[in-house]
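Read through the structures below before going on.
In what follows, chain A forms one complex with chain B and a second complex with chain C.
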Partner chain A sequence: MSLAEPAALPVAASAPPHLHILKRFATRFKTSLPAYLLLLPSLVFLALFTYGAMGRVLVDALYQRATPKAPLRFVGLDNISAVLADPAFTGAVINNLVYAVGTAIPSIGLALLFALALARTNAVTSALRATLFLPVLIPMVAASALFLFIFLPNVGLLDYYIGQLLPVLPNWLGDSDVALYAIMVITIWKNAGYYMLFFLAGLQSVPEDVMEAAHLDGAGPWARFRHITLPELKPTFLFVTVIAILNAVTQVDHVFVMTKGGPSNATNLVLFYIYQQAVEHYDIGKASAATLLTLAALMGLTALSFRTMANREGGA
Partner chain B sequence: MLFTRRLMLGLAMAGSMVGALAVPAMAEGPTEIDLFFPVPVDGKLARDMGTLIKEFNDTHPAIKATAVYTGSYDDTLIKTRAAIKAGKPPSAVIMSANFLLDMQIENELTNLDSLIAADGTTKEKFLGQFFPALQGNAVIDRSVYGVPFHNSTPLLYINADKAKEAGLDPDKPPQTWAELTDWAKKLTKREGDKVTQWGIAIPCAYDYCGWMMETLTMTNGGRYYNEEFGGEVYYDTPSMLGALTWWNDLVYKHKVHAPGATPGPAVSTSFISGNAAMMMLSTGSLTYVRDNAKFNYKVAFIPRNVRNAVPIGGASLIVPAGLEADKQKAAWTLIKWMTSPEKSAWWSRATGYFAPNMAAYKTPEMVEFLSKNPDAKTAVEQLDVAKPWFATYKTVPVRKNLEDEVMLVLNGKKQPKEALVAAQKAADETLKPYNAETSLKLP
Partner chain C sequence: MTLIDWLYKDAPLATRREITPKLGFLLTVLLALVWLVPFLWMGVATLRPASDGINLMAELMPSLKPTLDNIRDAWEIGDFPRYFLNTTIICTGILSVQFVTITLAGFAFARLDFAGKSLLFYLFLMQLMLVPVLLIVPNLRIVAQFGLYDTLAGVMMPFFASAFGTFLMRQAFEAIPTELEDAALIDGASLFQRIRHIYVPLSMPSFSAFAIISVTSHWNDFLWPLMVINSPDKRPLTVGLSVFTATAEGTQAWGTIAAGTLMVIAPLLITFLIFQKRFISSFVTSGIK
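Let's look at the complex of A and B:
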């Protein structure tokens, strides 16, 4: 119904350019009105619960009190520079980078391995897929509470079994050199099954005829994997990597339950640092500033990855 | 755009209409009040609280109290602050006793003096019902801001069977650090490099670690913090250096305490499973140990180096700032009822905390309970030497400044002296804004 209207526009071409633009906007608005109406409910909720909250964080990040009883005053970027100068924040960023790399690579590797092993559907692989997917269904908080007891020094399940082989074992969550890796193990255990689903889906899109042709040309399993499967899975890899990194920043339930960032800040991650600033220090300004920095980093990362993804798809 | 604006207007109008309707509806009938309560220890506390509030509502028809479970002590502080900020504070909260000073500094508490005066009694008389050790955390600037509800002190738990095995008499528990070190050495069992049984376990996780440091420092003659002023802590002092050095020696010199920072639940599990022969833990864990230990155990005072002294722990009832007068009055009725001797005694038996109201121990049920469970008596006796729990401006971060350094020591990464110097420096920095407004604000 609206397709005819833009065609009528050239008639108004003789009018002054200013009016021309206005008119074009009006027409365009009229044509897209149904779309806006359909979007309205979700726009309202987005505005209320996402952009409204983000706006509030932006404002809060600009204010600070000098002393406990002093009123809030505008301080500009002081909160942001205070956060950047805080060794606890830089420590949390470094921990988070180690955590992101150390959880993303093993869990994606495992997920790919699982997906390749279980690509064909039959009764056995279905059962195995369900088993590997099980950790995804357990809430992180519940899983952390379980692992708290698995990791107990001397009496936990882990020490009970490994203790038969090795004489001296670390205090898994109490040793500042080991605690972060103990936390990472849980994340890998929990996420590998989830990422496996994406790879299983990705493997479906590997064209069967190309595979067959390669087979006829005498390409071995490794060559087929290296030159056909992997290139076909590139978009899946990119997508899963983004998800894994987002998870590394947004999932801190286990830190909260198991270590509270300790011992000595060894497992403190950025989101937990923000929680500490807001709740323990009761410093809303600094917490908001740290939130903004994290949001900016995440948005940059997401934009970059989606652009790369679009480029790839365009190129292909 | 036009449509969204109109919609926004409509939403705003609808909202205000709902608000206008809701307010008069609530003014009728009994005064409705909310009580926020945390569950800091394992067990069936939430159900017990339900029983208690139901009894209150049945006996007070003019008030309808609702108990709202709000998680741990820390979570309860967060939720209370969020509710105050949103303009809908709960009428009463069971708040960790060492958060009161920080909340008072932030103007988040109701001064209870006028409510006490309205009852025709005096502050001294009102506070006189409670053990003197508990008053320090309830009174700020000579005004009452909290009413002690359930309290604890740290205790030494001993596996009596293992002590006998090692030729020690569990009826004569160690009273000094020297005796405790000796006991711990005799109770540690090794197979080559591997320790199969630790002599002693002391918890160190955020929150517990600071409390244990205060315990050890106090038994070494120290104070930890300035009880009269929220802007000072005494971390870099001989008394705390002695305390941390001893703890460090238990781990690295005598090798009778596991290295690293071990949280409270890990310590109690270790004790119950026989992996640790002694432990220092809260009286709040007494019921758990009583129900789960498959061996004979003993509880004793925390051994001293210089003097016998322990900090209290636990929670007080508070009334947040910004409440209407009728809710304030209803909350006060609830608080007085909950801290009365009978209810106090009942709650103590249900939870394992001791009852802050001294008269609770004269009720017949309590006398009978104590004769059946003499171990519950030790905690009460230790109250004679108990002192307030550390409370400063920004209690939690100031405590964390120390805990992070203690954890480094227990992990063998720092020596006690350099750790305490760093802790003192960090804490002074955290306390700076408060001092700028008080002790360093000069004419």
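Let's look at the complex of A and C:
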């Protein structure tokens, strides 16, 4: 097909140009065909449950039924404004923000402490790492079943042991000022060991010789941590923060088992609100509108984190 | 203090006398003990006889008269063998289909050149960004349209394609030297034969890493099966445990709850303790899931 072949030139010129493009496209497609066939099984399921679901949310968010049996009616952005005006939704968003910050910071902080303390590999640190990792493995539902007793008023584990120290104890899950924090404790317990793994991996990139040189220059443990370890761990921090925020939005099993969003919506989180709208109120329109808003927020966050990462790499 | 000295025996000589790292280590040990408390309570409460009464329920010292009554009660109240079977079917079903889809797609991205490769790559990447858990509402409607509401197949279907698995396999396949494939090509091996006999056997570590992540995440999944499954006999372990807990909580049967929880998490914990290193390295790669 190269233009250097003189005999081929007049033929190619006499044929309509778009046919030529079509033909090239056809050969390109033909050579690509095996790859497309290999991708087909994955693409079918992605089309159904990722892109299809995405499209479904967009469409469903635009329709509404007056009653469960009434015909579907196009309502435009009414569902979105109804969700935004629903105090239960705005409450859930605020709860979720508090929950995200209140779980991400302590669990990342603890994960860093664990990783720094257990960076050397020997029998003792391996056992401790495994201990801290155990909660990661168990289902959130199982963790909730255990913490249900831990937080039980009067006879529960927490009250039994610290009740001897403090005179007045709150009803951990029953008090609307405390319940969200009680829920956060479970999340921190469950996730710190997971984030620890990423910090352990990140710490391996801290150069040993730089550490030793800094030490020879008289830098104490704190100065070495602040000026060598922390800068080296920056990508890990960013990465773990994104995962922690994603977890704060997607892990709501304990809310379901322990509080059902109560008392008086104090522990309602966005995904649980979506579940309630869809399953308990049969309001697909509102559930889809809330899903759409959450997805938009999460995609914004992901895009932002990609940009921050790209910026740093460009600047470094 | 000698144990601590032993732990820091391979630290640079001059830093061995520093206090701060040792304090951090002690704090970590204390926290690790706190981290164990819920598990410890679960074990102790499971073996505690009901005659100890509710006021001793929180006691972490084991009872002197241990009993298996709680395990028997939990076994009778909850249909655990059935839940166990359902969860096993869901996890193996998802994993076997995933193995096929991720191998084929991973190979296409690793070794083949085709039109629209980067576009398709981004289409896969979207699955990682649109966290599937958030799409429970539209996915439930799609599953219902297929007539798969209240079936185990309905629980499995949204997870048959895995972008994470595809990227993991692409990485593994790219690391395999092309000379091996060229040799097979000369011998006249077809595309599928090359994948089956060269790429798959050489990528077993990646397959097992993926299997660990896939099975643990679907073993622990709750909200999605809760939405899809309606019949009690199709409940997976997590949904079964939540119903069981709600029932036993009403009668304050905490020993029974502890026993039920123990039965649900024991298989995963035992597998973890046996294959510890493998689990940990797999979870490190799971970050991009």
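Just so it is clear, the second predicted complex is superposed on the first by the 272 of 316 C-alpha atoms of A that agree within 3 Å, B and C clash if a C-alpha of one lies under 4 Å from a C-alpha of the other, contacts with A are read in each partner's own complex, and residues count from 1 in each chain.
Rule of thumb we're sticking to: contacts are C-beta pairs under 8 Å (C-beta built on N, C-alpha and C of every residue); 3 or more make two chains touch, one makes a residue touch a chain.
Everything quoted here is computed from the prediction, not taken from an experiment.
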| item | value |
| --- | --- |
| Chain B versus chain C as contact partner of A:V136, first or second or both or neither | second |
| Chain B versus chain C as contact partner of A:P34, first or second or both or neither | second |
| Residues of chain A touched, compared between chain B and chain C (which is higher) | C |
| First, second, both or neither for A:S205, with chain B first and chain C second | neither |
| Which of chain B and chain C A:N265 touches, first, second, both or neither | first |
| Partner chain in contact with A:T90 - chain B first, chain C second, else both or neither | neither |
| Partner chain(s) touched by A:S81 [first = chain B, second = chain C, both, neither] | neither |
| Which superposed partner A:V155 touches (first chain B, second chain C, both, neither) | both |
| Touched partner set for A:F147, first chain B, second chain C, both or neither | second |
| Touching partner for A:V57 - first (chain B), second (chain C), both, neither | second |
| Doubly contacted chain A residues - partners chain C and chain B | 36, 43-44, 148-149, 152, 155, 279 |
| Chain A to chain B touching residues, read off their complex | 36-37, 40, 43-44, 65-70, 148-149, 152-155, 167-168, 170-171, 173-177, 259-265, 276, 279-282 |
| Residues of chain A defined as touching chain C within the complex | 28-29, 31-32, 34-36, 38-39, 41-46, 48-54, 56-57, 60, 110, 113-114, 116-118, 120, 122, 124-126, 128-150, 152, 155-157, 159-161, 189, 193-194, 197-198, 200-201, 211-212, 215-216, 220-222, 239, 243, 246, 249-250, 252-253, 256-257, 271, 274-275, 278-279, 284, 287-288, 291, 294-295, 298-299, 302 |
| Residue ranges of chain C touching chain A (in the complex, touch as defined) | 3, 7-8, 10-12, 14-15, 18, 20-21, 24-25, 27-29, 31-32, 35-39, 41-42, 45, 54-55, 57-60, 100-102, 104-105, 107-108, 112-117, 120, 123-124, 126-127, 129-142, 157-158, 160-163, 166, 191, 216, 219-220, 222-223, 226-227, 237-239, 241-242, 245-246, 249, 254, 257-258, 260-261, 264-265, 268-269, 272-273, 276, 279-280, 283-284, 287 |
| Chain B residues touching chain A - in the complex, by the definition given at the top | 3-4, 7, 74, 77-78, 81, 102, 105-107, 192-194, 204-206, 258-263, 265-266, 269-270, 273, 275, 393-394, 396-397, 400, 403-405, 407-408, 410-411, 413, 433-434, 436-437 |
